[in-house]
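Please find the structures below.
Each of the two complexes below includes subunit A, the first together with subunit B, the second together with subunit C.
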Partner chain A sequence: MKIKDGFVLREVMGNYVAVAVGEASKSFRGMIKLNATAADIWNCISQGMDEDGIYDVLFAKYEVDGEKLRADIKATLETLEVNGLLER
Partner chain B sequence: MNKRIEELLAEDGIYVSTTSGVSMLPMLRDRRDTIVITPACERLKKYDVALYRRGDDYLLHRVVKVLPDSYIICGDNCITLEKGITDAQVIGKLTEVRRGEKTVRLDGFRYGVYCRYIVATFYPRRAFRRVKGAVYSAAKKLFGRKK
Partner chain C sequence: MEAFYIKLAELNVKMESKYDHTRRYCSEYIVEAADCEIVATTSDDEIDAELRLYEDPHSREYCEGICLYRSIAEQLPLFDRFVFHGAAVSANGKGYIFTAPSGTGKTTHISLWMKLFGDKVSVINGDKPIVRITESGATVYSSPWAGKEGWSTNSFADIGGICLIRRGERNRIKRISPSEYFDELMHQVYIPKNSEAMLKTLELMDALAKIVPFYLLECDISEDAARTSFEAMVK
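So, the complex of A and B:
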């Protein structure tokens, strides 16, 4: 699982935004806003983590209900994939 | 999923993207630098970089002169002035630029010097480009290969 080449995460004025640069910007115009948790997930993926690795990092950071966290991670990964930002 | 920039600005108050083209070189590199646009809530000032519409196209160029009812706008790497751009055409203004991981401060001293240099040297640059173009054309006619 990896972020597609040409997509970068930017923190702008307190917002996290995924944008395309280089060749990727020819087919993807615009931006995808991410919340802080989704930005953490993005950073975990960028570091090469799998779903379990992401879960461990976020569980340690946010100390939330485990099942809900797994569902949120899954939903975020699906959103990234549907929007063409994630390769599995 | 590709919404119009106007819609994104209205919804989020911010638009982040990359630019395409060379008209704002050397400041904005084709598909490499990230731009941050915010809505233009008040009239633009000289040296602001405006995002505006011309037909179906979005353009991001610098205001070189503010007139009572319009603007004269020009890309940093262009030699043609765009006159008569009205506030109705302006969608937003550039508020931040990211070159890689580095943020370019648009209120910084160096950027201020850059803007003034670009605008002040417009006519010499245009003259130089025209002469260069004429020399190139003449050389091509004289020494160009004939079929």
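So, the complex of A and C:
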């Protein structure tokens, strides 16, 4: 899986936003706000990680319950995909 | 007609204008120059598209000016500046910007400041000032484009505060963290179509949020409201 070409993540005033640049900005104008976990997941995907890799990174960072974290990651990946930010 | 140059937020801008109206509109800002940082251009198609946006009739001349300012706004972020929708005044030497969706009462609020605090207060720009970020801080500059009242004086001031206005039953003001008002604040910033300038605008807003204090004013339209904001921000 990968972040759709032409989308980048920025931190602005304590918020994470995905915006389209270059060619992609012709069909998508505006900003999609991401929460901190989604931003972490985005960064993992950008580094080429799969779902297991993302899990390891977030588990180390947040020390949350394993099942809940897996569910959160799945839900976030779906949201990113539905919003046209993720290809898999 | 020949192009002319204006000085805007300390940049030279070449105005490729067809109409004398635009030159008159910019008269306070005209300078003699041989080179420039920004070239403002537009086209008949753009002006036609702009004309179609208005319900009540506007002149082509007026719309040319709007299109040229948009051309400038597209380029300003590359020079660490951006167009902000708000009413900017100076008070005791510092600049204050009131921002809110159109019709909330920004103009009324700054007119109350002028009425109540007289000599201490002067208008910088009533609608679309330019914010500049430097290493030492943030400065607000005027421009000829100043809304329907045309309140603008060719001036600038270091920003002392930025205040979101909301209508409320009581007059009260508080310091806010801009991160919690992200959507409202970003709506008041000109976001360029050009990707490089758009990303730069995000950086500049992020920097601005770290440099200047932000406030939320809930108010009615009264002198008490103006005293509330003045005492909190200026004194």
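The rule is short, and it goes like this: the second predicted complex is superposed on the first by the 88 of 88 C-alpha atoms of A that agree within 3 Å, B and C clash if a C-alpha of one lies under 4 Å from a C-alpha of the other, contacts with A are read in each partner's own complex, and residues count from 1 in each chain.
Note that a contact is a pair of C-beta atoms (placed from the backbone, for glycine too) under 8 Å apart; a residue touches a chain by one contact, two chains touch by 3 or more.
Just so we're clear, the structure is a prediction, and the values are computed from it rather than from any experiment.
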_So in the superposed three-chain picture, is A:V64 touching just subunit B, just subunit C, both, or none of them (first/second/both/neither)?_
neither
Query = Is A:V12 contacted by the first partner subunit B, the second partner subunit C, both or neither?
reply = both
Have a look at where A:A75 lands relative to subunit B and subunit C in the superposition and call it first, second, both or neither. neither
Message = Quick check for you: in the superposed arrangement, does A:N83 touch first (subunit B), second (subunit C), both or neither?
response = first
Give one of first, second, both or neither to describe whether A:V21 is in contact with subunit B, with subunit C, with both, or with none. both
Margin query: If we overlay the two complexes on their shared chain A, which of subunit B and subunit C does A:R29 touch? Say first, second, both or neither.
Written below: both
Both subunit B and subunit C touch subunit A at residues 8, 10, 12-13, 15, 17, 19-22, 25, 29, 31, 33
As the complex stands, subunit A meets subunit B at residues 8, 10, 12-13, 15, 17, 19-23, 25-26, 28-31, 33, 83
Per the touch rule above, subunit A residues touching subunit C in the complex are 8, 10-15, 17, 19-22, 25, 29, 31, 33
Note: in the complex, subunit C contacts subunit A through residues 177-179, 182-183, 185-186, 193, 195, 198-199, 202-203, 205-206, 209
The subunit B residues in contact with subunit A across the complex are 1-3, 5, 8, 12, 14-18, 20, 31-32, 34, 36, 96, 98
